[in-house]
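Submitted below is the structure of interest, expressed as structure tokens.
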Amino acid sequence: MAKTAASGDDYESALAQSSTKVAEFEDTRTGFVHKFQHALHLNPSLVPLIVLLLSIALFGALLGSKFFSPFALTLILQQVQIVGIVAAAQSLVILTAGIDLSVGAIMVLSSVVMGQFTFRYGIPAPISIGAGLACGTACGFVNGFLVARMKLPPFIVTLGMWQIVLASNFLYSGNATIRAQDIAAEAPLLHLFGAKINIGGAVLTVGVLFMVGLVLLLSYVLRHTAWGRHVYAVGDDKDAAELSGVQTDRVLISVYMLSGLICAFAGWALIGRIGSVSPTSGQLANIESITAVVIGGISLFGGRGSILGTLFGALIVGVFTLGLRLLGADAQWTYLLIGILIIAAVAVDQWIRKVSV
Amino acid sequence: MAKTAASGDDYESALAQSSTKVAEFEDTRTGFVHKFQHALHLNPSLVPLIVLLLSIALFGALLGSKFFSPFALTLILQQVQIVGIVAAAQSLVILTAGIDLSVGAIMVLSSVVMGQFTFRYGIPAPISIGAGLACGTACGFVNGFLVARMKLPPFIVTLGMWQIVLASNFLYSGNATIRAQDIAAEAPLLHLFGAKINIGGAVLTVGVLFMVGLVLLLSYVLRHTAWGRHVYAVGDDKDAAELSGVQTDRVLISVYMLSGLICAFAGWALIGRIGSVSPTSGQLANIESITAVVIGGISLFGGRGSILGTLFGALIVGVFTLGLRLLGADAQWTYLLIGILIIAAVAVDQWIRKVSV
Amino acid sequence: ESACLITKTDTNPFFVKMKEGAAAAAAELGIELKTFAGKIDGDHETQAQAIETCIADGAKGILLTPSDTSSIVSSVQQARDAGILVIALDTPLDPVDAADATFATDNFLAGELIGKWAAAKLGDEAANAKIALLDLAVSQPTVGVLRDQGFLQGFGIDLADPNVNGDETDPRIVGNDVTAGNEEGGRRAMENLLAKDPMINVVYTINEPAAAGAYEAIKSIGRENDVLIVSVDGGCPGVQNIADGVIGATSQQYPLRMAALGIEAIAKFAETGEKPQPTEGKDFVDTGVSLVTDESVDGVESISVSEGMDLCWG
Amino acid sequence: MEQQQPILQGKNLVKRYGRVTALDHCDFELYPGEILAVIGDNGAGKSTLIKAVSGAVVPDAGEVFLEGKRVNFSSPLDAREHGIETVYQQLAMSPALSIADNMFMGRELRKPGIMGKWLRQLDRPAMEAFAREKLNELGLMTIQNIRQAVETLSGGQRQGVAVARAAAFGSKVIILDEPTAALGVKESRRVLELINDVKSRGQPIVLISHNMPHVFEIADRIHIHRLGKRLCVIRPQDYSMNDAVAFMTGAKEPPQEALAA
Amino acid sequence: MEQQQPILQGKNLVKRYGRVTALDHCDFELYPGEILAVIGDNGAGKSTLIKAVSGAVVPDAGEVFLEGKRVNFSSPLDAREHGIETVYQQLAMSPALSIADNMFMGRELRKPGIMGKWLRQLDRPAMEAFAREKLNELGLMTIQNIRQAVETLSGGQRQGVAVARAAAFGSKVIILDEPTAALGVKESRRVLELINDVKSRGQPIVLISHNMPHVFEIADRIHIHRLGKRLCVIRPQDYSMNDAVAFMTGAKEPPQEALAA
């Protein structure tokens, strides 16, 4: 035993001359394929974009100009806008390793508040809209508080809120619809997101632009601000984030509040899209938004993925749905084929990721 | 620098005399409360049981004999049986850090196969039932294969399967219900799980006993067999499990297959419960089963929790639902209150866990 | 005395009104009313649980709008065995006599009326019509099938299997899509079918919210004046939409009447043990259906929008 | 030194997990400007002790004092705001985030001008340059890509990032839980130099380590932990490494005067 | 020894992650019955090397031979079935499971008689007794509760469990990636004794370590890794620790004959 430590004399004296060059290796691989692989490796959110382009190409080839018409392509954007906006909210929450099952309910309640405040109480539309947005944010705050401070599982908190908010929505609205014609006549501001804009031939709605703008903005915030990094850190490993100085509770609460606010905007956009204020809308918003998020490559375990992917995920589903309908599949077959295509889309996605190391 | 290593001579020679006693500490805390806390610490699945007992006591106090009647109490069991069986399947999948959104669809398709094979093709009931069970297992195999071998996210795989299986169910059955009267007359074996058994005054059905037996069996298997430990290890950290010698793919595929098989049994039980074979059943089985799992204390991130908790979770929801209905709340108020109660139940659960260290 | 009302959902204004009608009648007759509903249309398991709860609760009678007309029969039998009067509202059970009585709209007839009206409205052009069918759900619940097939029958299209939507081969049909019976689904389904053929000129919708959504889609391509939309329900917003030219005609049903009749029957049963009798010549008590439109056509009986407004609900 | 008031002190700390006792009425003192080493067997309770005084674990009983004032840290953030910077043994890092993101977590640099002020944009280049510099100082020349996610680093590289983070941001007290465990010969030596630097700036340091030569080289005092308790405190000049190892493994009884220390 | 056929061999192994090169045409040989130490800077690629030869990572290029036969391990399980037992640096353990469950993961003991044969019941008492014994052998006397979840163990206790697992189950080759990094003085010494035991049973061992005295004490040959490559192989009796450190940090050029080794 004595040998061990004894032989250790001064073995560190050589360190003074040790190399101080940062390690570098030449990469002898060249060519387009390799460059492309490398680009994918650096920007994994491009992968769902490729899948999206592939599916557009597929349906374009099958359907020709019927699908490649400006009408069909902008229609997809319009059909996707509500899910896209809600999925942006859902992405934020899922990035924190949470889940928000109350998005659809918050969206509908907010739109009902906007409508009922205007029509039942005669409050001017801008104020009613403000009230609707505040309502969504408040619901989000309750979610965030219960998750962050009470440490309850997000699934249960938002499941409970879903039931609570939805029931409140029905009880408050008395299930009454406010008709599009009345809104157009008396409070056209509620229809703002439905307004059409002609950009270089393509007809887009304010809602579509809002969705795209929102995703770009959130993408910037998530990548380039401290708050954005903290969202990822909380989702990645909450304890580690806390230990390294992130105010995790505050981040969580702000994320759920922002999610609520975005859902309220989605409620406003919903009025623009369906014309009327209807308390029975948005029943599939939960599952559709989570689907978009997962197809877009964000991990349900939090901390990994990009919100741009979510937008592509939502569009992929939109392309499949419209494409299959145009191909003439009936409702039940469409439903079945979409199931297959979603699995196929993610399989292609995984495969691209695998080869892009 | 020289000092470092040089002074290290032979500092290990003292080791020969080092103590060889395993560390032990006296615990000076005594009393019932402490014992109770300690029991909870060792068996976290007792926590939802306590919440369950508390809620039974609550509604008992509010409703008296209406609720404490053998009829009402066994009714809860009967109402919970389908969700309970499906939630057992869901628990297995969630323990592996997966999720199974196709449970409800597999259940219904299996029951439809049992019914249609018997009545459309005139195959003897036992064989048809076998076909239904095989059908559920096969669906589970597809899920498992895609998750384990293709490495696709379980959420997407089972979401896709949900759509595929549900649409197949509608297409295959032509949306036709097989009536209870016909089943009773021609294939009473399909009604087996609905058969009533009188055990000391309480009326139970075969389905209820099956649910309880299934949960106990799975609980044994998960705790006391190698396969059970592997299920936990895969959910805990799949890479680690793989590195330490678990055949993770095989475990995953077996879990999804077993889940499919259990769902097929749930389909059989469903025929017993509703009398007929109806392709529109089970639409809420996904969300209800996941809810039971999470209330029961299993983590959606896998690897933690006990299947006994799931049974208590399902019963907690059953107690709330029946209790509130008997109290006369109307449907929307019931939903609202159930939302609140579910959050409260989990909050109490968290609180008990916190004090039971 | 207590009674239960179990509806398919309680989010559809149709059922909300039905509940109000029942509550009003119950208050008048001194009956305690408990109400239950499925979570979504087609959710018959929650309805079965509700029946069990009513039995546990000792109710005298149950009013039920069944989500699955044959599946629920076993639960209904259980209630009847417990001495409870069970009345089906809106949708008959299968078999009809599984309930003690049925107060309902004839949904097939409701569809047939709007089908006939649309065909008559188009006149000779009916032979070249391009028809979109906006149904309820992929699971094809019975109301959805009855109305859709009734419409096609009225329009003069061969039904193939009358129990299945979408198996027709008539080239005038552009396609079927599902709406979930709300505005959002109505708009999406309409857009999908318009992308397939933008020249659609007849739209059948399962109900008026779906019709309102479909109208938004049609309006957004500027064809709102070329397309005929027909629907079913006769709720106040729907009738107002006829006045505004959104919908051409709708088949109005009377949920308040169904509910009130139901409660009265239960009160009577509790008092005398007497059960209600069906309408002459039918196996249920027909609570009536009327075609509401301001553009009446020959050969189809209709009422005006202002009459419809007086009778509307919700 | 002991005559002074301790800058950080724990009294009678107890922490139990179910039937497991991690801290058993343990005391702890850190004096201004000193390097205090904490040594002890695996599982003796060293990490739990420093977690208890740095807010990462709330003790069941006992008190913590910072500069003589009783404190109740409810989170590591609390302790950090009081100037206690800790490198935990399990290395609190966000695996999917980059080296720079991790180093600046919670104190990010923003771009100068409107980009930073109004758009709150992070100054990635500055953060990355700083991170690269700190890692070079530690001799971690093998990190090829400063944008690498921390989870893709080698064990030693990861530890280097954590140590660099703690050292980079000045504070009242620095606590290092086995900072050199995964480090190579060169990198370990740099960390020891760094500890001496920090000390020369007047900041006290707590160093947990199993490396006796290192401990005896740089510690001013050595806290020997055994079975959840402070067994004794010795000065490296008074005892040999062999004695220290004998005390901590229970081979020898500690001397009376050291017990009182 | 070198005249013999290597029991485990890697040739020209390459592994890249994006633009990061972890293995750069690296060779590796382990001969029967020897203790081969692998040393090198942090991030030099040691862990990647042993992952590549044990199936945990599939190299981009290069070949692996076991007893002269080309093998293509696609998973660690593959390698394990061929008798290669590895303790990875990141310690592959299931955090929520108990010590005994982890030690026997994949080779559980079943109860004798029908309980085991028909009900496939695990023999928990036997597994726990065995685990306790192995941990005692390693000197880990601080584990109070053998049923503890691994995630609640101290850093060193956890490493002890991993090492005990590898040592307990005999195999052709044992690979240990920094097995003593988190261990205390006593526990490290026990691991070295254990390695010598294993060697005396005739099984070869690969030991990655940053502890030069340990390496020079027990290694038969030392593979020096630098910048993703094998720089040279030396025998401890031929060179001093100072030389080894100089080679691995790039302070000195390695001698010609060692390059050929």
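Read from first to last, the chains carry the letters A, B, C, D and E; within each, the first residue is number 1.
One rule holds in what follows: contacts are C-beta pairs under 8 Å (C-beta built on N, C-alpha and C of every residue); 3 or more make two chains touch, one makes a residue touch a chain.
Since this is a predicted model, take the numbers as computed values, not measurements.
Novice: Between chain A and chain C, how many steps is the shortest route if every step has to go to a touching chain?
Specialist: Minimum step count, chain A to chain C: 1.
Novice: Would you mind checking which chain's C-alpha centre is most distant from the centre of chain E?
Specialist: When every chain centre is compared against chain E, the largest gap points to C.
Novice: Determine how many degrees of rotation, between 0 and 180 and to the nearest 5, align the Cα atoms of chain A with the equivalent atoms in chain B.
Specialist: 180
Novice: Once you find the CA centre of chain C and the CA centre of chain E, what distance in Å lies between them?
Specialist: 72
Novice: Just give me the whole-number Å value for how far the CA centre of chain A lies from that of chain E.
Specialist: 44
Novice: Centroid from C-alpha atoms only, then distance chain B to chain C, rounded to Å. What do you get?
Specialist: Comparing mean C-alpha positions, chain C is 38 Å from chain B.
Novice: Approximately how many whole Å separate the CA-defined centres of chain D and chain E?
Specialist: Averaging C-alpha atoms per chain gives centres 28 Å apart.
Novice: Mind pulling the residue numbers of chain A that touch at least two other chains?
Specialist: Correct list: 1, 4-5, 8, 10-13, 15, 18-19, 21, 23, 25, 170, 332, 335.
Novice: For chain D, write out the residues touching at least two other chains, lowest number first.
Specialist: In chain D, the residues touching two or more other chains are 17-19, 21, 43, 141-144, 185-186, 189, 212-213, 227, 245, 249.
Novice: Two or more other chains in contact with one residue: find those residues in chain C.
Specialist: In chain C, residues 10, 40, 138 touch at least two other chains, as defined above.
Novice: Which chains touch, pair by pair?
Specialist: The complete list of chain pairs in contact reads A-B, A-C, A-D, A-E, B-C, B-D, B-E, D-E.
Novice: Would you tell me which residues of chain C are touching chain A in their complex?
Specialist: Checking each residue of chain C against chain A gives 10-13, 16, 40, 135, 138, 166, 175-178, 180-184, 186-188, 191-193, 195-196, 198, 209, 212-213, 215-216, 219-221, 237, 240-241, 244, 246, 314.
Novice: Considering only the defined contacts, which chain A positions touch chain E in the complex?
Specialist: Within the complex, chain A touches chain E at residues 1, 3-5, 7-8, 10-19, 21, 23, 25, 27, 38, 41-42, 357.
Novice: Given the complex with chain B, which residues does chain D contribute to the contact?
Specialist: 16-19, 21, 24, 43, 189, 212-214, 216-217, 227-228, 240-246, 249-252
Novice: Taking the touch rule as given, give the residues of chain C at its contact with chain B in the complex, in rising order.
Specialist: 10, 19, 34-37, 39-40, 42-46, 48-50, 52-53, 56-57, 67-75, 94, 138-141, 145, 161, 163-164
Novice: For chain D, which residues count as touching chain A in their complex?
Specialist: Interface residues on the chain D side: 56, 75-77, 80, 86, 88, 91-97, 101-102, 105-108, 110, 119-122, 124, 132, 136, 139, 141-144, 165, 185-186, 189, 213.
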